[in-house]
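The same chain A turns up in both complexes below, where it pairs with chain B and then with chain C.
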Partner chain A sequence: MSTDTHAAANRPSALATLIRNPLAGVFVALTAIFAVSAIISPYFMTAYNLSVIARGVAFVGLVTIAQSSLMILGELDLSLGTIGGLCGVVSGMLMVQAGLPWGVALVLALMLGMALGLLNGFLVTALGLHSLVLTIGTAGIYGGAILVLTKGVAITGIPEGIQFLGRGDVLGMPVPFLIMLLVLAVALFLTTRTPIGRYMYAIGNNAAAARMLGIRVDRIRLLVFTLAGGLAALAGMLMVARLGTAQPSIGQAWVLAPIAASVIGGVATTGGVGSPLGAIFGAGIIAIIENIIVLFGVSPYWQGVVSGAIVVLAISFDALSRRYLRRDGA
Partner chain B sequence: MNKFAMSLAGLAMAMPLGAGAQEAPGTATKDSYRFLIVPKVVHPWFDKVNEGAEMAAAALEAQTGADIEIVYSAPQAADVVQQVQIVESAISTRPDGIAIDLLDPSGNRASLEAAQSQDIPLVIFDSVPPEGMDIPYIGSDFCEQAKMASRRLVEVLGGEGEVAIMMGVPTAPNHSIRAECHREVFAEHEGITVVAEGIDNDSIEVAQQQAAAIMQANPNLKGWVASDAAGPIGIGQAIIEAGKEGEVTLVGLDNLPEMLDMIRSGVADSSSASQPELQGYWSVMLLWAQATGAPVPDYLDTGNAFLTQENVDG
Partner chain C sequence: MAYLEVSGLGRDFPGVTALDGVDLSIELGRTHILAGENGAGKSTLVKILTGSDRASRGSILIEGQDPLEHPDMFRKIAYVPQELSLFPDVSVAENLFMPFDRTGHGGLVSRKRMEAEAQTYLDRFGIEARPSDLVRHISVPDQQLLQIARASTNRDMKVLILDEPTSALTAREVQRVFDVIRGFLDRDHAIVFISHKMEEVFAIGDDYTVLRNGEKVDAGLVAEIDETGLIRAMSGREISIDDHFRPDAAVGETLMQVDGLGGSMFDDVSFALRRGEILGFAGLVGAGRSELMQTIFGFRKARTGRIRVEGRDWRLGDTTSAVAGGMLYLSEERKHHGIFPLLSLRDNIGISVLTLTSGAMGIDFAKERGLVRRVIDNYSIRASGPQQRMSTLSGGNQQKAIIGRAMATTPRILIFDEPTKGIDIRTKAEIYRIMKTLAEEGVGIILISSEMTELRRCASRIITMHGGRITGDFDAATTSTETLVGAIFATDSASDQARTDAEKPHVH
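Right, the complex of A and B next:
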């Protein structure tokens, strides 16, 4: 047998490479849930329903990209939901009460989100606090600010111009979903094709070792916290555009869901492992579960049990497939 | 006139009648109907709405022989985003009608427009439609319900004293209307001062926390009214925990079992109650009527009841 033939024989097949991909488990779980839903519900595969799912995943997806990037770094930001809500409300006030053009309000609210994210990052790095603990506090502050500004009452009269960003479609796809895909592409480029991405994984694996290697750990942390705040703000403003009002409740559902989506998607809470793409697959699983619960008319008192059981099944499937792959690779 | 001419004349006379019978309002029939009930949140008050809806379904099944399915789909939290997602997902299943209690008319508008664009009949219960949208709605007179409660409180207090209002979900039209009508009644009496307003977001736990803090900050507070069903239950718990039974008067809202117990035990003086079972019953009836092509009224008033120790078990 020649050397070339021997090498070819040892080279893993395309299928084996695909199976060994860390995203394979969650992708198969997502595909399985999608296929089962399509088979058992005649309504699932309609264009309208797929559009509803895509639009739903877009908002929580943006926050999931932000949270999973922080988790890769070994951090957690529990205030992302309230940053989104606060920036949504502020953008509404800027448009309706200050009369600013929606483009200007959007930029200002984005800057506010980035500033709040930067503040979180600064407090984490300067005080040496764990981000989980610190952001419990800042979430309370930002959430309280929403109530102070709105007194609990939604801001109505949002200009119709911005509503296209939340309600509109391009080529049959919801605009917020397309924006989320664009952000995901940028996040994947950042995490896989740039030194910043490599530094994020290095810090998440071992921050002390990364520092010894000369990586500016605090600077990377500040950058990711700032970008995460900006993404949460973007999600909040797109939700304002979708509803046509700035609701004080925006962001309430973006605290645990993005963490759950990230974990389902294979992002480790301890840092250094995972990808925003896997996290979006996880968000997709959650969005489909929420959709089929309504399609099947599941009793509201059983919804938590059903959705929780499906999530446990999805995570178990992913964990079992990883164990199988490790054994296969050994 | 020969037979052929007679037949033509008969056919000509019969055609308009036949065509008219097909197009007559309320004559379209189906073997089965599926109606969706979407409340504000998982909540015992809405369970009573659902009971009324099931009652109507049973009545229609008995009378028409058609299968009537009621799908009850509630947001896990009083969050308009969740409610919109439920309605949008439900539209995909092409139901024969959707009855919904709106968390926020502006926030719900797009999903209601989506349903209308697909010719799905709509009914709004316990709330009012978004401005400019032609949707039949059902409920009691929210303002009158609130005024019955606040007038009673003024009467019990002898027209003097500090009072507080629990506002429910501020963006919900029925809650905000009730809160405003409470204020109107209190403003008519110089001796009554509104010293605090709380927001409980239709949560008993939040209402209890808010009420406890407000009573702590206002030791001379003499009375409470509420704008939602959860509010007075939380207020009552806070009154018990503060040991202020008999000292602070509570006039509640609606007829949840805990509210009735508080009236029986004397923690609450009384309650001004809407009738959720009737709202659920007539929501289904109006959806069914629309599905058959029948005209329906713009508004249907299910009335209010005033409950005291004398009639609470009556």
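Right, the complex of A and C next:
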């Protein structure tokens, strides 16, 4: 409406811009939950507890970065969890049963993850399938492959050399957490400062319009699916390094939590908006909630109910505040 | 007292006044024209009248009652939006009566009775579809009429607001809509008609109200104002409607040669686009013009034929190579094929110049800001700033952003598909001027338009299409509108192709 004529005169202030920044809400929520936890539990702020949280966030965080990037693109990959699990198991078998040097095993398993991600992307683009439906199927295949390979038994005897990657600390920070931060930095550079990132948002907004501008839509999709598969594999291998065994159950927790974290962090399931940084904030919120539930000694049977309810609350709060902002803003 | 009486209506958004002191009175039995440029406040007013937004001040009285105290009164007002908002995979009858509380069958829906009742509406509105057809499968004009029919199934409805109801229709179908509108008025209803098309305003209007920058600037009887007066009221300045925008440059060598191109919806199409001309394409909705252009652009697959651009073979079926080769297609469907709604104006413009603004270190934001700023200035895009979300810009400004974005890539061939659909007269003139300048700079321009006046004002040459085939190729300056319309309808269609061939020697 006449918004355009009048509004040019009054530019939004820096503070207004900050408040309008979609990341501000989730960051405030994360800070608030952190502060409340620090107050209500004397154990929360201990160095040990914080490193437990950081280490936990690292694994699910890597998958969250992958999933949120796909969601920006308007896609969803439900097989990331089983890709992570399968690649973890395969890396273990390559090290233990094939006796390969662990560096070679890690690289091979990483390539396997990328290949599986690429396969998902290829089936989605070539057949024009909906990624949500397709990856329910491939998740079953990859998950089944884990059981075929392991017969449900963990692979033990993982070389000591790589356990540092999962258990070690550098400068007082867990190694996997540092790796996750590094990956996050790369992902943020990719999404905000490169043409590929811009194309991802454009495709998530309107794939037909993107094609009309000559953007190679399918190629970008394949790329992001491939990278996502690689990140899931990385998470799986770091988990193996942390546990010291390749468990067939690795990755089972990485299906829904990364999606919930992304949504809490402002990444829409419909694509085109949000940032991996917001998604990581979301993952942080979930991790702190789960941690505080444990610290308070909530019965393990009730933990799922409580953490799920808090996630629903967080999302509702976000949706309501967004609606409120939209009503006032033009 | 009028049936609907609005006085002193205002609506403020933070930092912006969208409406201020607007009066409006709607009488039953009359058609009220609501006129104004894009961004004048029409949509905000309509939202308040239908109860989906609230005024900051002022009052509304429907039958003398305040609808804020008697919310049922809002049911007296029905609104048919410009964009199609039907359920495509649901039957015509179900679309008509959804959410079924109007069919009066209690809690259950009887398909038989519903379809029987639907048939009476289809007859009255002249919709050529069966009640059981899926909406996806009926024609666009029928869909547009169905939207109006749906609004009229609400028995409480007294005032029907139609927002550009004819934007996807051709002359004959517009006539159908007008007949429907006139039929309503006999039955003690009022119509509020929003349109940028002057012919329609004067054909159907009784009263008018003009908004400009959120304020009422003029109101009265349509019989007592002429086109120039109305345009002056809307734009606040004198705009000559007789201007021509045909390029003045001499027509140069052939830029693009299309030979025997065939695809879905069109067949055996051959024509040449020359440097320095605006080549118009006229035809009915469904004549295959958009499909033809989208195929040339590589968005759709070609079945037969070939294209040469500047003497070199043109790769078909690949938009990336088309864009790299200097061609851009600006779709009629701004929403579906043009804008990235959730991204900022800056991102929407910047996306097409990333090759210019990015290097090894990623995107150079300062450089991008500069380029975007220049597009916003050159095309006078009105926005609160480059960060404004694209979906919140008015249609005209979205269109200018899309054109500006295309121009930033310095294309050689530009295809405009209905570039002024839903756009006000002043912005239209701006778009015409842009096309003319580009053509004179040597860009080959193709213009698809359903408005004959638009083609006659802008195009150097007009190709007519009917049923997927070219039916004529005319010099725009020397051909009468009647001849063009004849070619569009291909009146004795039994021998389309023979007729075309026979006609060709005469028309060149």
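Here, the second predicted complex is superposed on the first by the 306 of 330 C-alpha atoms of A that agree within 3 Å, B and C clash if a C-alpha of one lies under 4 Å from a C-alpha of the other, contacts with A are read in each partner's own complex, and residues count from 1 in each chain.
Keep this in mind: a residue touches a chain if its C-beta (ideal position, glycine included) is under 8 Å from a C-beta of that chain, and two chains touch if they have at least 3 such contacts.
Computed from a prediction, not measured in an experiment: that's the story for all the values here.
Peer 1: Looking at A:Arg242, would you say it contacts chain B, chain C, both, or neither? Reply first, second, both or neither.
Peer 2: First partner only.
Peer 1: Scan A:Ile215 for contacts with chain B and chain C and give back first, second, both or neither.
Peer 2: In the superposition, A:Ile215 contacts chain C only.
Peer 1: Of the partners chain B and chain C, which touch A:His130 in the superposed model: first, second, both, neither?
Peer 2: neither
Peer 1: Looking at the overlay, what does A:Val153 touch: chain B (first), chain C (second), both, or neither?
Peer 2: Touch status of A:Val153: first partner only.
Peer 1: Hey, what residues of chain A end up touching chain B and chain C alike?
Peer 2: none
Peer 1: Within the complex, which stretch of chain B touches chain A?
Peer 2: 42, 71-82, 84-86, 88-94, 104, 106-107, 109-110, 167, 169-171, 176, 199, 201
Peer 1: Which bits of chain C are touching chain A when the two form their complex?
Peer 2: Listed in rising order, the residues of chain C that touch chain A are 13-19, 39-41, 43-44, 213-214, 297, 299, 319-324, 329, 331, 336-343, 347, 350-352, 354-355, 358, 361-363, 382-385, 387-388, 392-394, 397.
Peer 1: Tell me, which parts of chain A touch chain C in their complex?
Peer 2: Counting only chain A, the residues touching chain C are 1-8, 10-12, 17, 189, 193-195, 198-199, 201-202, 205-206, 208-216, 272-273, 328-330.
Peer 1: Taking the complex as given, what residues does chain A use to touch chain B?
Peer 2: Chain A reaches chain B through residues 43-44, 46, 48-49, 52, 55-56, 59, 147, 151-154, 156, 167, 239, 242-245, 247-250, 252-253, 290-291, 294-295, 297, 299-301, 303-304.
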